[in-house]
Every structure is written in structure tokens, then in C-alpha cells.
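Below: a set of structures, written as C-alpha cells.
Next come two complexes, and both contain chain A; in the first it sits with chain B, in the second with chain C.
Up next, the complex of A and B:
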């Protein structure tokens, strides 16, 4: 590379680098500093270092662990459900979608709606007097469950999440399924292989990298869920639906505990790194 | 395999059911938004006796308490700004990475892996910084965050598109004596337009739909639609006008839905490409 190119290319990446330094590196530095400091709104510019007190407070907080547990369970359940449903729909509907590809647009729709607005829509849909679902439950079964009560809230929220994001799994897996080379299928057909065996020995192994990737993406996204849960139950339902994101939000905005909120953020960051490293290892091993 | 008619019928049935169930929130909310107050009170069924647009009119008649137009304008401006900025920052950087390998080893991984990190981690320091520099409750400040959120996807999409572009045209331009900047603006930019356009659209949709930072960083002046819509519920206390609430949500959903459907072919592909290669 010539010197002129080198100079030019540095100029080209300078803006985004500067942007990231301000918007990402600086906040990260503040996070790290505040997490080991005694800090409040009064001494933002001169926090006193105090060691790992904030971390101990977070790690001894039962609410932190139950938020962590909720997010993990939520992410696992929804990612698996989205994957299975998406896989089924992708393969089962493939003959239709391949011929009438405009129908794919129907499945893009749910992903275009803001999760926060979807959550608000369900406030209406699940409302005990004016909601559609309770109406039909009462009509057909004579009774309607209290969808957002502490004992039902987890599953209600999980179903809402799954309905919004199954299309994502469906579309990704459909394009992976469609990319299986025709010759492989034809060879299998010539050998008289049955449809189920074809799925088991040809389609699934071929799609496996995409299947795993879909799972990881959905797991990561659902783990940090905030919008739809917050607008539907907030920390309500007896605090039983506090996700880790809601925990951090409330530690800061409701309890004004900067140190605790920031320490919880750092713990979450470390966990994300662990997941990321596992994911990257995995991706490399597959290649 | 011969497609048996019966099997095809079952597939169509599954498709219709899946389409209805997955889109149920939108369908149901749309129906409610077209009902009158008295009809909503008398029956929550999915059948409308007398469709009316009264709720849509009512949204804009109550602008003294609930200013929907203001929220819409905020979303348009901050999401538009965030989306454009993400392209402006990512396009030159992606070019430098793909053609010169600058930052490909460190910057690209940092940005793309950002997708796996919950941004709420940075929200508290960002809030405090915004407080210090008076960016709280501004469209500009919210736009900056929206740009940050979309950078990973946009950078991946543009870098992929540039990788697939033939080098020869650029080399010919170089022989003709054009410098890097001229090549970027006059040769690469026109060729990359489709990729830039679909990145811009996706970035706009995701920005429009963002909620968490809108909730944290805005209070009045810059409140986006997603947050504003939630105000409608809290503002009306126990006595929510459900028809109007439904209309608010439909109106708030229409812009991304419309943009998304208009460009669904490109977006669908980009969404998947961004997910798979990211």
C-alpha cells in the first residue's frame, strides 16, 4: 500500500473511530471507574474510589439473581421455541414460498413493528374487559386466565416474544434450506430415500450452522429483552418479570443507585463476553 | 417428489394460520382502532359492526394533552438523522477496510461484535454524559445513539456489498489519475447505491422502533413515538380510551411498516445477510 493510500484510508476510518471513542470507549471507561467508586449525582465529576463494594452489593442482591434467572430462562425458552417453529414452517412452507415469493412479505411484517408497540398492543388484547383474547376465552371456555398475573406472566411474555420473532427464524432457515444444492436432493431421491430420512441425514446437517446461528442470535436478543416486557408488566407482576435490563434501568432511574447499576452493567458485560467468546470459538471450529 | 394436492392444501392451511397468528397483534389492534367507543365497550369480538375512523380523528384533536404529531416528527427526525449518520460513518470506513485492509483486524470485529453486547451497559454513562453536555431530551442526542445502535449492521452490509464489487473499475479510474476520495465519491458510491439504500432503510426501521434509549434520554421535547405511545396509557390513568389507544399504535407502526413493505425484497435479503455474516 502506498503512503498516499495509507493516509487516505486513515482519513476514511477516522470519523467512525472518533464516534466510537466518544460513544463507546468513554462510556465504558466511566462504567469501569464508577463501578469501583462511591458515586452519586452530587459527586459525578469526583467520585471516591472504594473498591469492589458495588459488585458485592449486586452479587448479594437477590433481585439481581432473579432478574438474571428470568432473562436466562426467557432467552432459552423463546430461542428454542422460535427455532423449532421456524424450522418447521420454513421446511413445510418451502414449496409454497419458492413459487409465490411475495408471500414472504407477510412474515416480514411482525418484525417491522416496534417491540414496545407490540407490548402495548397486548395490553389491549389481553385486557380483561375490552381484550380480544379474554373475550374469546370466556365465550368458548366460560373463563379466562389472568395472563399477566405473576404465575402466568412468564409464559404470556414468552409467547408474545416467540410470535414476534419466529418469522426471523423462519426466513433465515428458509433461505438456508433453499440453498441446499439440487444435486444432493436428486441423488437422494434416486437412492429412494424417504422424506424423513432426507431431513435427518441431508437437510438438517446441511442447515446446522444456520440453525445454531439463529439460536445464538435469538438467545442474545431475548436475553437483553426490555421493551415489550417493560410496557406490559414493568417490574410489576410482583417483580417476577424483572429482566436484567429492567433491573439495571430501575437501579438507576428508580433507586438512583449509580454504583449498583453500573456494577450490574459490568457483570452483564463480562457475561456477554463469555457468550461471545464461546460463540466465536464455535464459529471457528465449524469453518 | 410429486406434490400431492392434499399435501399442498395442508401447506396452504398452515401458511394461512401462521400468517394470521404471527400478525395477530396488528390485525386485532387495527380492528379495535376502527370500532366506536360504544362498540368496544359492548363487545371485544373481532367483528366490527360499524367501522369508523373517529379514533384516528380523535388522536389529532387531543394534541393539547397528547401530541402525536410531535412524537411522529421526533421519530422521523431522530431516526432519519441516526440512519443517515450511520451510513455516512460506515461507508468510507467499510471502503477503507475492504480495499486497504485498514482497521479490518480491530475496528471491524469491535463494531460487529457490538451486536452481541446489550447496549444498556453503556446507557448510564451516556445518560450522565448527555446531562453534562445538554444533549438530554434532544433529537440530535437521540439520533447519535440510534446511529450507534445501527452501526454494526450497516457496516457489515456495506462491507459485504463492497467486497462483491469488481475491483477493475476502480483500478481503471486510478489509471485515469483519480485519487482515493474521487474514486470513492464518483465511482464506488454510484455502484454501492443499492446496498446503501437498503442499509439506510433497515437502519431507519430499527431506529424508529427503538424504545429503551428513547425512554431514558428523552422526557418531553424529543420523545419518539414508541415512548409517546406508552405515555398515552399512563396519561389516561385508569380510564384508557381503547379505540384511540389502538389508533395511536397503528399510526406509530405505519411508517416502518410502509417503508419495509415497499422495499421488502431488498430488506429481507439484507436482514438475513446481516444476520448470517455478522
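Up next, the complex of A and C:
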């Protein structure tokens, strides 16, 4: 009986195991091989082993660290902004959304547009001769700023990202805010609690896990941003808007240095692990 | 149950065999999608397939990827040894990269009557021909005929022009016909037609520079560097980008950008943005690909400038007048399973009949001799294209090597950094030269 159970277990687990092996383990093994090889499109099937040269190249490449810096700054700024805006809207609009729930669908519209398309849209919107924004700037002030020049590109890209993804924060945080039991608020009201105190002592602590989760999801998503930035500014004048995803893409496809691109991905993976471990410890400590 | 399963299996095998057989029966061409090249290729293939001397097994069928990321996808497919297509697109700047996955071809002798050596060279790598040159692109200087005519004739404008050129360029210049311009004349005209410099200018900007960190923008820029004597490699094969020619051309772009002669967002401009600016009627001159002309001169789309646009080769520098050329072509996939049929099609494609058909259907081949004359009525623009390509066309030394694309990418990153003011010129040229040395060794 036990043998039959074991056999059934193996049969049942086999497809998933095979799937994981093919879809995850095999690519990872190839990646590890490529990361220690001299490999380009010409010798994809026969890479030349060269040790840890690709990793050293990446770690000594100023452009890699510059891209890491850009992505970190971008992720931090946009995740914080989306969180604060989303939180504000979730609480401020809660009574309205509770009454007219269809408004949620309208607020979510920006999320439904593909990021690459958002990039294209803003190329039009921000263009000095055909764009809506420059038109009104010129009309009202006589001049229009250069939204995408190296001085302003970071903030323009950040605002576009925030406009597109704040609805995500709004959706999650509104759900969390709505899940706070009514009796707790009623009890607090009976005790004469003021609105700000209710936010501080009831709403925020209750929502804190969701707030953290929202922040981290948005941080991760913004950190790996590619589409809209690439469409709008490419890697920017002198590489000024190179995100880590763009760095890896360009090393892979544009520079044909697949070993370097894969090594950069693995460095990124290891750094992400470190961040993840720190975050998990932080979360456990809170518990 | 078992019998049913066997029937299904047998049927599937038969279908697969049929599909494989039919795949081998045709010559499959992977073309450039979504533009006049696709329309032209469809028509040309239609004519080829209708010929009585084309065997059923040699009929051509077409497939197209999406244009976005086309070259990356093609590269991945070729590297993977795909035999899904027998003939694939190839471009001047990527021949060296794709050559390891393609077979060189030998064009019929008659091809030399149709294509000039310069045009054939756009599809050559390492002394071998890799493609039939189907479409040629080059850079024109676009200008507003109405404005330049007034500039040449209006005394008050001439006087202001002289004053502005003296103030910004240190020499008093007089307006000339655009086909006589040097880069100084271009700069003076750009300054004159900039509202911020000359408040009576009818346009907001004198020119529009495409300065986005993008390899295609570097191709536009090369014409000015080449005309000042710049080249990627010298006659000994040594990297020569750190030169007076490149220095002068880079400084000119920066000077014009800093002076406000080009829109403030020019560092994010590429082909469509520049066209939109010029098409708005607020820009007097522009260096742009020949492909932009039809759209800009379309009254329905660009009513402000249509009918008022002139085109000449880019201005002359110390080394002469040059225009960057590159071409699209069709070549033979090394992994093709139908090379004989594919070669027959490529040989036919290099004939005058095929190229005239292709041109009349919307393609842009640069032809010469009788073939070019056959287009004089339907496509006069292609006659000019062929003439300009032969007279002013150039490909940088090393421009078709395996790492040519990386060189453009490198230059795009470094040069835009200088134009944006994040790097000085000496460091820019030194780093470009060092990195090019690694790429072109």
C-alpha cells in the first residue's frame, strides 16, 4: 500500500518537476555556464569558458553601477510616491468609492495600458510641436520646458510611472482600508477619537502589512522598469537614463556580449537575494 | 480505443509530413515588415511566381516579423540555425554580424549594369557579396524653399544674416543656394531662422537635430564628420575617430544646440520627432533620411510645408560633400534547406525587370543606367537617389564589420553625453577611440 502511494506521489509530482526542470533549472544552468564563458550570438552553442572575467567586467563597469543607481533611485522615488498617493486616495475617496464602486474601474484604466504604449503616448504628449502639455505651457507661459532633456528626464519618467501605477496602490490599499472591521471604528468613535488619531492608532497599524506589501511590489516593479523608459528616452544622453534592465538588454542584444549580460543578471539576482533576506528578517522581527 | 488512438497518431504523422514537405517546397523570404518595402516585395514576388520558368518547388512565399525588435529576433533565429526562412533581410550595418550565419552569393554580371559599385558595397562584407541591394537610404538636407529664396533676395534679411554670422561664427557670411552650402552656411542659416536669436525669424528654430542616444541618429551625424575628413579607420586600419574632423562636427552640433537653434528636447529626438518639428512649419532646415520626403511633402498630412521643401546633399566640409548611405538587401540563410531555389530568386531579383517592378511598387532601390531611366516618370525621386548615392555616398571604413552596430551604439552614447554637457570633448573622443579599438580590432 505504501509503495503504491509512493508511486502515485511520484506520478503526480512528475509533471510539475519536469516543468520546473525544463523552465527554471535548465535555463539557470545555461545562464550559469554563459556567465563564466565568452559567448556571443556567433558561438551560442559552443561558448568558451573563461572563468569569472564577466563578473569582474560587470563589477568594474561604471555603467553597471550607474544603471543600478538609476534603478534604485527610480524605484524608491516612484514606489514612495505611488504609496503615499495611493494611500491618500484610498482613504480620501473611500466613501465615494463605497457608494459608486464603478469608479474603481475608471481609476484602474491607466494600468490597463501596456507600458510601451504609455511611452509612445508620452512621446506625443510631450513633443514641443504636437504635444498637449507643451502647447498649454507655451500658451500660458510663453515657453515650454524640455521634459526629456538630461536635467528633467528622470523626473518626467518618474511622474509618468507614478501616473500609471498609483491606481495599483489605490486598489490594494482601498481593499485593505475597507477590510478594517466597522465595530473597531465605531468603538473608537464612541470613545471620542479624532480623525487623525484614528488614522494613526487604528487604520495605519491595521493596514501596515498591506502598505509594506504594496511598497515592495511597486519597488520591485519599478526597479526592473524597461518598456516606457526605453521607448521614451532609450538609455538617455550619455547613458543618463540607463536602468539595470536596459543595461542588461543592451549588453545582450546591442553589444552582443551575452556573457556580460548574463553575469550582470546573476549579480542582480544575488543582490536581490540579499535584499530579500533583509526584508524577511525585518518582517519576522515586526511579528 | 487503441485502434482510434493509432488512427489519430497516423493522421498526425501524415499531417506533419505534409507540412514539412510543403515547407521544403517553397522558397521562404523573411522581409522587412510594415512599410513600402513589404508592399513592394509582395508585388515583386507575385510577378516572380507568375513566371512560367519558375518551377512549383521554387515558388516564393513571404513571412514577416513585427518591425519592433526585428534585428534582435532575426539575430536570435539565425544564431539558432533556423531554417524557417531561406532568404533573410540584411542591412549594411549588420552584415558583419549576420555573415557567419549566411552564405555569400554571386550576383550575375548584369547586376553591375544596374547597381553602382558603391551601392553593391552596401551589401558586402570581407570582400564578399551577401545580399541584393533592394532599398537604399541616405541623408538629405531638407530646407524650406520659400524661406531660403527670400533670404537670398531680401536685403534686410541678408544684412541681419551677415550680422548674426559675424556675431556667432566670427565671419560675415552671405546667403547662398543650399547646394553650395558649407557647414558654416548651414550654421548661419540655422542661427538666422531661430526666433530666440533673430526675433523677426518666421520660424521658431533654424534647424532640428536628432540627438537621441540612438544608433540611427549617429548615421545622420556621420555625414558632417565625414565631410570634415573624419573616418572610423585610417588607411592602415587604425581607429581614427579622435580626429579634427570628428571634433569639428561634434562641436558644430553642440554649438547649434546650445545656441537654441534646435528644439530644447532634441536630445530625445529621432526620426518621427524631427519630422513632426519640421512638418509644423516652425523649422527651416533639417538633416534627415530620404524616406521622410514623401510624408513631409504630402499636402493632406503636412499642409504647412508640403510643396515648399527642397532637398540637397548635406553641406560640404573641408574634405568635400558626403552623404551617409546604407541599404537593406536580401541574402541567403546558411541553414536554408532550399538554397538552389533561393539562389534562383536572388539572381532574378538582381535583374533590371525585378528592380524596376520593385521600385514602381514602392521600394527604394538605387539604380543606374537604363534601369534608372525606366523610373524617370513614375519614381523621379529614385533617379535622384541613385545619382546622390553615386556622387556623395560613403560608408565609413569598418562600417560593415561584425561590430559596426556596436560602434554606432558606442558613438551614440558617448557623443550624446558630450552634447548634453555631461562629458568634455577630449574625454569623449578618447573613450570612443579606445572602445572602438576593442570593437574593430
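Convention: the second predicted complex is superposed on the first by the 256 of 287 C-alpha atoms of A that agree within 3 Å, B and C clash if a C-alpha of one lies under 4 Å from a C-alpha of the other, contacts with A are read in each partner's own complex, and residues count from 1 in each chain.
In this section, contacts are C-beta pairs under 8 Å (C-beta built on N, C-alpha and C of every residue); 3 or more make two chains touch, one makes a residue touch a chain.
Please read these numbers as outputs of a predicted model, since none were measured by experiment.
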Practice problem: Superpose on chain A as described above, then tell me if chain B and chain C fit or clash. | Solution: clash
Exercise. Please indicate which partner A:248 is in contact with in the superposed arrangement: first for chain B, second for chain C, both, or neither.
Key: first
Quiz item: Which partner does A:265 contact after superposing on A: first (chain B), second (chain C), both, neither?
Solution: first
Practice problem: Count the residues of chain A touched by chain B and by chain C, then name the partner with the higher count. | Solution: B
Exercise. Look at A:240 in the shared chain and tell me whether it touches chain B only, chain C only, both, or neither; answer first, second, both or neither.
Key: second
Practice problem: Considering only the touch criterion stated at the top, classify A:104 as touching first (chain B), second (chain C), both, or neither. | Solution: first
Exercise. For A:256, select first, second, both or neither according to whether it touches chain B, chain C, the two together, or no partner.
Key: second
Self-check item: Contacts of A:145 with chain B and chain C, given as first, second, both or neither
Solution: second
Practice problem: Give one of first, second, both or neither to describe whether A:130 is in contact with chain B, with chain C, with both, or with none. | Solution: both
Exercise. State whether A:17 touches chain B only (first), chain C only (second), both chains, or neither.
Key: first
Practice problem: Report for A:93: first if it touches chain B alone, second if chain C alone, otherwise both or neither. | Solution: first
Quiz item: In the superposed arrangement, what residues of chain A touch both chain B and chain C?
Solution: 44, 123, 127, 129-130, 253
Quiz prompt | chain B residues touching chain A - in the complex, by the definition given at the top | solution = 1, 3, 8, 11-12, 14-15, 18-19, 21-26, 28-29, 31-32, 40-41, 43-46, 88-90, 92-93, 95-97, 99-103, 107, 110-111, 113-118, 120-129, 132, 144-145, 147-148, 151, 155, 179-181, 184, 205, 208-212, 215-216, 225-227, 229-230, 233, 242, 245-246, 249, 252-253, 256-257, 260-261, 264, 267-268, 271-272, 275-276
Practice problem: Sort out for me which residues of chain A touch chain C in the complex. | Solution: 41-42, 44, 123, 126-130, 144-150, 153, 232-240, 250, 253-256
Quiz item: Contact residues on chain C for chain A in the complex?
Solution: 72, 75-76, 78-80, 97, 100, 211-214, 263-265, 267-268, 272-273, 276-277, 279-280, 282, 402-403, 405-406, 409, 413-414, 416-423
Quiz item: Any idea which chain A residues touch chain B in the complex?
Solution: 1, 4-6, 8-10, 12-13, 15-17, 19-20, 23-24, 26-28, 30-31, 34, 44, 89, 92-93, 95-96, 103-118, 120-125, 127, 129-132, 134-136, 163-164, 166-168, 171-172, 175, 189, 195, 210, 213-214, 217, 220, 223-224, 226-227, 230-231, 244-245, 248-249, 252-253, 258, 261-262, 265-266, 268-269, 272, 275-276, 279
